[in-house]
Amino acid sequence: MPQPGHVTRLREADESQLPEDLRPYFQKCRDKLGFVPNVLRAWLLRPEKLRTFIRAYDELMLGPSGLSKLEREMIAVAVSSWNSCYYCLVAHGAAVRKLSGDPQLGEMVAFNYRVADLPERQLAMLDFAVKLTERPYDVGEADRQRLRDAGLSDEDIFDAAEVAAFFNYTNRVAHAVDMMPNAEYHALGRANQ
Amino acid sequence: MPQPGHVTRLREADESQLPEDLRPYFQKCRDKLGFVPNVLRAWLLRPEKLRTFIRAYDELMLGPSGLSKLEREMIAVAVSSWNSCYYCLVAHGAAVRKLSGDPQLGEMVAFNYRVADLPERQLAMLDFAVKLTERPYDVGEADRQRLRDAGLSDEDIFDAAEVAAFFNYTNRVAHAVDMMPNAEYHALGRANQ
Amino acid sequence: MPQPGHVTRLREADESQLPEDLRPYFQKCRDKLGFVPNVLRAWLLRPEKLRTFIRAYDELMLGPSGLSKLEREMIAVAVSSWNSCYYCLVAHGAAVRKLSGDPQLGEMVAFNYRVADLPERQLAMLDFAVKLTERPYDVGEADRQRLRDAGLSDEDIFDAAEVAAFFNYTNRVAHAVDMMPNAEYHALGRANQ
Amino acid sequence: MPQPGHVTRLREADESQLPEDLRPYFQKCRDKLGFVPNVLRAWLLRPEKLRTFIRAYDELMLGPSGLSKLEREMIAVAVSSWNSCYYCLVAHGAAVRKLSGDPQLGEMVAFNYRVADLPERQLAMLDFAVKLTERPYDVGEADRQRLRDAGLSDEDIFDAAEVAAFFNYTNRVAHAVDMMPNAEYHALGRANQ
Amino acid sequence: MPQPGHVTRLREADESQLPEDLRPYFQKCRDKLGFVPNVLRAWLLRPEKLRTFIRAYDELMLGPSGLSKLEREMIAVAVSSWNSCYYCLVAHGAAVRKLSGDPQLGEMVAFNYRVADLPERQLAMLDFAVKLTERPYDVGEADRQRLRDAGLSDEDIFDAAEVAAFFNYTNRVAHAVDMMPNAEYHALGRANQ
Amino acid sequence: MPQPGHVTRLREADESQLPEDLRPYFQKCRDKLGFVPNVLRAWLLRPEKLRTFIRAYDELMLGPSGLSKLEREMIAVAVSSWNSCYYCLVAHGAAVRKLSGDPQLGEMVAFNYRVADLPERQLAMLDFAVKLTERPYDVGEADRQRLRDAGLSDEDIFDAAEVAAFFNYTNRVAHAVDMMPNAEYHALGRANQ
């Protein structure tokens, strides 16, 4: 499988720059995924920031939460779709395919989540996430109430908001440096297709 | 000085929830600022996320960088202005006033940075930050080149992009939960005014 | 206090150009405010227009109306915030601080009026003003009815509409000529802060 | 010719409310046009404002200026087209047809001025007016310079800006109250068509 | 009546290029309208496409449908107004004037259909058409239900959607090649004015 | 492979409604693709329109043109991406994968064509197509000139414009009726992935 020609349009950081304590993390990526996600190689240009990014990201997407990992990935993809972020659509679209076992759901959320036949809980989350992305100043109590009515606790609302907000951050870093996803993502989770 | 009626519209977290290791951090805030910024009290609802947020934030805004602290705060405020984020405009507008010793500069960046008579280096940063906020998919090599021409290294470009992107995250969390700034911010850095 | 470097980016009009009958008006400004607002010095480039502008403006903002002076200033600031008009945000933000005796209210309306805990009458006015600014063709009977329900007479609705509309005019003249506010505005009404 | 069913959606003001000194003005309208423009009947709800509006309007559109009356009307129509203001498109579209003697020019400016084969001077004015309408905060020195290059003096730039800005005001009052133009406008200036 | 200087900004196709079987069609235009609409002369650059365009267009606008020809023309004009398409506003604005016998209705739909006092059936159609034009991804079941409530069958909804969608196509071809309407359209249907 | 639950949200047309002369066409679809594309089953609700649609579509996408079939499909996908059209992104994304033999190119054009390393000829086409989609009234001579400079003849420019415009039509019909693509598309052209 051909690798994309670049990781970012900035100077490519050398892995020798990788701090000692993060080496096991890169190794774990290689063991589990077969590769180090390019987002980490991009952040490696600034090793201290790589460390805080990894911690924040892992807590956000993998830590304990009232939102399932799939729900968090769906929010990530719906936001990335609004922002047309190629990196995140490829990498997190793959995650939705894998976690859901439903490749078409991955396509739907990446292209236009409104066409998916989602339960109200998930539709409410994605509507919230996209409104927060497009017109954040218009989000108000009615939007939070819809999430509560769908069964979310205050902690869950915080988590949904934070995931949506966080991908408005990573999407923009990816755009700013023209970050390209690893080619391996494309094939992930397509078994049933 | 009257305190605003709420920190967020979600359940207010009790400080007893604050993890042991973060207590010195809150204490340092009280010592240096006289108060704990409401953004921390908001995140306290999810203590593990508070920890990763503090680390990422401190590295981003206070860590070593080719961008001065003032420049990072100016990017933060210009982005928050586009997103109409009250919390960040108040808190980081105060920081621009303080770090620059120029209260009018704080107002300019918060209301419309284009009216300020900025050196090209800073104007290029703010134009980059706001374009990345408004139409991230349109940012390209020409935009990066303008930053290079203004003297930014690749590391500096990464830092400028990350600060701009990060405030697209915090702005949206603030909007999502209706986060209110501490009243104390309003008076900060207005001495010369 | 340093004066901003320019009044506008057009030729600065000489006060000798000021028509005889408007001299007492400029004098009154100096007596009451301590300075002649730059908006008047900008318009002085076209003395006949200065005269009609002053009359229209004074009737609009100071004449008898079912809307209080503070309410009119709040509309002015909310519109100027949508339009990112530095001049009007500084000058009329000061007026909101002074008339309300509440500096934080001034900041809220200037940054994002939606965060303020306003009575429905004032919230309805500001929602109307901003919708009229952003998507004027979408304003319809339902929007007028909300104002009626909040207690506004037809004359009041006209006044609210006219203030909102008028600042869409002054904001644009200010942007067109890059008009800078007098430095003195920044300190006004900040006593309680 | 049938009259539209309403002047505005607010209470219709009685002409007995018309101040003594404005009666000759209404009479002059009837003598010259055959009718009183509905915009005046709309403003009659607030007679003091009617007086200042007439003065400002007449100075703006009929007073001495480096811009011809036709040029001012063209700016008015291009702005009203962006804002989809029915009243102003009908009333000022008629003025463009009449003043230019070219009904198709009237249609072009009302529907999309970019299709008209305009001299650079007028194209620059309309581009300036529409940019000032759509994204006022993006207007800068390059936009003013283009007007200068097309032969406009600083006074002319002020006048072009003010006409464009003023119709952002009248368009919004018209939308706010659902103002309908007099039926007579439709036939004006269509002789050559 | 002067003809506009160009049909499109591309090479003007020679009528000798017109396929044999389409000659009667052009002749019928000359007999009925007095001229060949420029849209056909524009498409003549690609004769095979001209043939399929004519067939699709005639079926769409003149074929049997639960929507009257006037209703289809009103949709065409409301869409063209949103897209600022000069060609279609002139040519189909004339059709609305003629089919309705109401020149002011033609102006209203071309400038801002919201000001017209339309029955709910037609207002619902135009709201649907313009929403489908502006934010197609936001159209959903509630929008279709409003059409059903106004009496439209599923076939009628399809037809309304297709007309709105089709003019998003022709508007864009017209913009892409700078297509100018025949001068004759301007006078059509203005008899009552 | 599970079929999506619906073809459209309108009454599903019965294939008995299919006109005699179109039966071979449906049969050819079954022979070549293994299924009848849902777009045809959607249009079957209006059989006369189905016939003109098929003719126009086949001429547009399969007929002789200076643009390759792949180039036309790339334009289709870039436009559909801007419009978030799930049906067209799935069906034509598959076509780009198949015609190019490069599944990642299909993803790039569907998610954000700007990240692809395209030759200027194709980049110019896609920039043109997306500008024509987003702000059609801003397309002008400079945009056409860029296409000419990239080697397109006037006929090619017409074809590029028409494909872009046509998908603004089909995207909107798909949104209007909530059209779902056949499940089979998802697996097409993924062999190399």
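First chain written, first letter: the chains are A, B, C, D, E and F, and each begins at residue 1.
Quick note on the criterion: a contact is a pair of C-beta atoms (placed from the backbone, for glycine too) under 8 Å apart; a residue touches a chain by one contact, two chains touch by 3 or more.
Predicted, not measured: the structure shown is a model, and the values here were computed from it.
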The chains touching both chain D and chain E are C, F
Numbering shared by both copies at the chain F-chain E contact, with half separating same from different: same
Relative to chain C, chain with the most remote C-alpha centre: F
Distance between chain centroids, defined by C-alpha means - chain C, chain D (Å): 23
Taking the mean of the C-alpha atoms as each chain's centre, how many Å separate chain B from chain F? 44
Distance between chain A and chain F based on Cα centroids, please, to the nearest Å. 29
Could you say which residues in chain E touch two or more other chains, in rising order? 84-85, 112, 137, 140, 178
Listing every touching pair of chains gives A-B, A-C, A-E, A-F, B-C, B-D, B-F, C-D, C-E, D-E, D-F, E-F
Residue ranges of chain F in contact with chain B within the complex: 112, 114
In their complex, what parts of chain A are in touch with chain B? 9-11, 45-46, 48-49, 51-53, 55-56, 59-60, 63-64, 83-85, 128, 132-133, 136-137, 139-141, 144, 154-155, 157-159, 161-162, 164-166, 168-173, 175-178
Residue set of chain C touching chain B in the complex reads 1, 4-5, 81, 84-86, 89-90, 103-104, 107-108, 110-112, 115, 117, 178, 180, 183, 186-187, 190, 193
In the complex, go through chain A and note every residue touching chain C. 137-138, 140
